[in-house]
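Chains here go by letter, A, B, C and D, matching the order in which they are written, and residues are numbered from 1 within each.
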Amino acid sequence: MDFRERAQAVRLLILDVDGVLTDGRVWVGPDGQEWVAFNRRDGEGIPRVRQCGVEVAFVTGESPPTPAERRAEKLRVRLFPGVKDKADWLEAIVREYSVGRLRPLALAEVAYMGDDEADAGAMALVGFSIAPADAHLSARQVAHWVTAKRGGRGAVREVCDLLCEARAAG
Amino acid sequence: MDFRERAQAVRLLILDVDGVLTDGRVWVGPDGQEWVAFNRRDGEGIPRVRQCGVEVAFVTGESPPTPAERRAEKLRVRLFPGVKDKADWLEAIVREYSVGRLRPLALAEVAYMGDDEADAGAMALVGFSIAPADAHLSARQVAHWVTAKRGGRGAVREVCDLLCEARAAG
Amino acid sequence: MDFRERAQAVRLLILDVDGVLTDGRVWVGPDGQEWVAFNRRDGEGIPRVRQCGVEVAFVTGESPPTPAERRAEKLRVRLFPGVKDKADWLEAIVREYSVGRLRPLALAEVAYMGDDEADAGAMALVGFSIAPADAHLSARQVAHWVTAKRGGRGAVREVCDLLCEARAAG
Amino acid sequence: MDFRERAQAVRLLILDVDGVLTDGRVWVGPDGQEWVAFNRRDGEGIPRVRQCGVEVAFVTGESPPTPAERRAEKLRVRLFPGVKDKADWLEAIVREYSVGRLRPLALAEVAYMGDDEADAGAMALVGFSIAPADAHLSARQVAHWVTAKRGGRGAVREVCDLLCEARAAG
């Protein structure tokens, strides 16, 4: 199946945080505070892809307090923190997103974007798996699509644009 | 019309902040504070282009408090924050800059530099529209000129240098 | 001897901090606080290489308080700070890691990853010396292996992956 | 005259801060605090070039408090802040460095490394003028030597290494 067909079916876009919404770097000070760098052009993509009918969620293995929480609040995206086994979590969340809907959510309707081995299990389960250009080999190997842009440098916007185009063409 | 002719006519240079004066990244800490990275070589360009007879303004969709406010204060540039519809705002601001002047300001005398879809409407209205090398396609498509340098990495200085050269040659 | 053979023998991996776990940059504020940028994909490599039977230690010439302390705590790695002569320190640490073990640790079983002249002496002593792609010439010249990735941008993960692969193949 | 001959004569190395010891970027927070990114490999070069018999000074147009002050303190380098006219300042400083010395300091024995138009005047006066690879054209045009590395990314270390090699060869 072509990646555009996969994109057309997507109703939920799940984005890993570090390495996807960021470039994987973490700025650390002498008191241990952690800062990461998000991207405003990615941020512009979130409301756009929602207008195209795709829900968005962030997932991270990191536990609060994290910069991701504040980013998620600002963009009004639901964040799932502290997720150690992303494949297990994915199956639970698909069930949860199906409750009270006319049509239950299927794994084939989920896009998952990840950048590392910890994402590979979840990526193998979904209808459309995506890795940024600079992802670890383990994530690129299981991805249906690898973006031209790197994590934190517009890779998420590229996905949002693709999903909207696919729906418009569908 | 050649982009140098367009540059020659410019009396007001409007700069979008994120992605133009910065590379679009935003550093976020666990308390939600936002930091962005400006460029001193761009900063050197602002007084230079003013000496060449071009006024400068910053515009952003972000609401205070923002790093852009402090940057604007330091460079003594007027900042228009929280602007959601930049095309609407542009028309109002051109009227305002015309009040009490010998010659009213025309849209043909305005340069607008933007990097994303939210800038495209305003870019389509002005005499000289500019995008940094790494702008979103939607901004590059409507730009009369795309700089060689990227946003936050000297793209603004490149514009300031061009405007001064064009005036010197004119 | 091939670098894969060298990698197979490794029981202890010593990582210099600045330029190896970071890209060598240090962000400084007006109060003199120092921040550095680590990499989550490198961070993922640390527990993985330990699962492959390799111990990990960090070493730095910088004195506490440093961001490296907090990073080491988070990754549960032992950090040796304020080390001025790394070759001297290396010989002492190899003796210490040998105490109470069935088989004493040999220098041939140590991998040392460094990026600058201050590391070159220690690198000349170990069984497997590694430099990131963007290391200073003095470190690259004595390295048995130079990673494809740069310091702070995945070079450490590349080493962790190599050590695990070498052990699996061994 | 060959740049190596120029390098051999150097007794004082003057380094501009922004764009030379940094990449010209300035991180700004909502309270207006300014952070910049220095480089540890550049930092390693400072004591080395002093051991080779070259004095080092930093100069900046920025006024205290600046990150440059704290960097200069840490590296025990004299910083001249708030210097608006660098050519004027250069002539005064050469006189000052000549006081009480067996042999007065000559402009031909000064190296000046700058990255922008504000440095060009001083660069035209010294025996050895240097610009980083990514300097503004106005600085590269008057430089006797342009480093392979960019400002804040090892350009200063490259200069320190060159000065020591030139003295060793001299």
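In the analysis below, a residue touches a chain if its C-beta (ideal position, glycine included) is under 8 Å from a C-beta of that chain, and two chains touch if they have at least 3 such contacts.
Model, not experiment: these values are computed from the prediction.
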| item | value |
| --- | --- |
| Equivalent interface positions on subunit C and subunit D, same or different at half | different |
| Reference subunit A; chain at largest CA-centroid distance | D |
| Magnitude of the superposing rotation for subunit A and subunit C (Cα, nearest 5°) | 90 |
| Distance between chain centroids, defined by C-alpha means - subunit C, subunit D (Å) | 32 |
| Separation of mean Cα positions, subunit C and subunit B [Å, integer] | 45 |
| For subunit B, residues contacting two or more additional chains | 27, 35 |
| Category of the chain touch graph - line, ring, star, complete, other | ring |
| Footprint of subunit A on subunit B - complex, ascending | 18-19, 24-32, 35, 115-118, 136 |
| Sites on subunit C touched by subunit A in the complex | 27, 33-41, 43-44, 48, 65-67, 69-71, 73-74, 152-154, 157 |
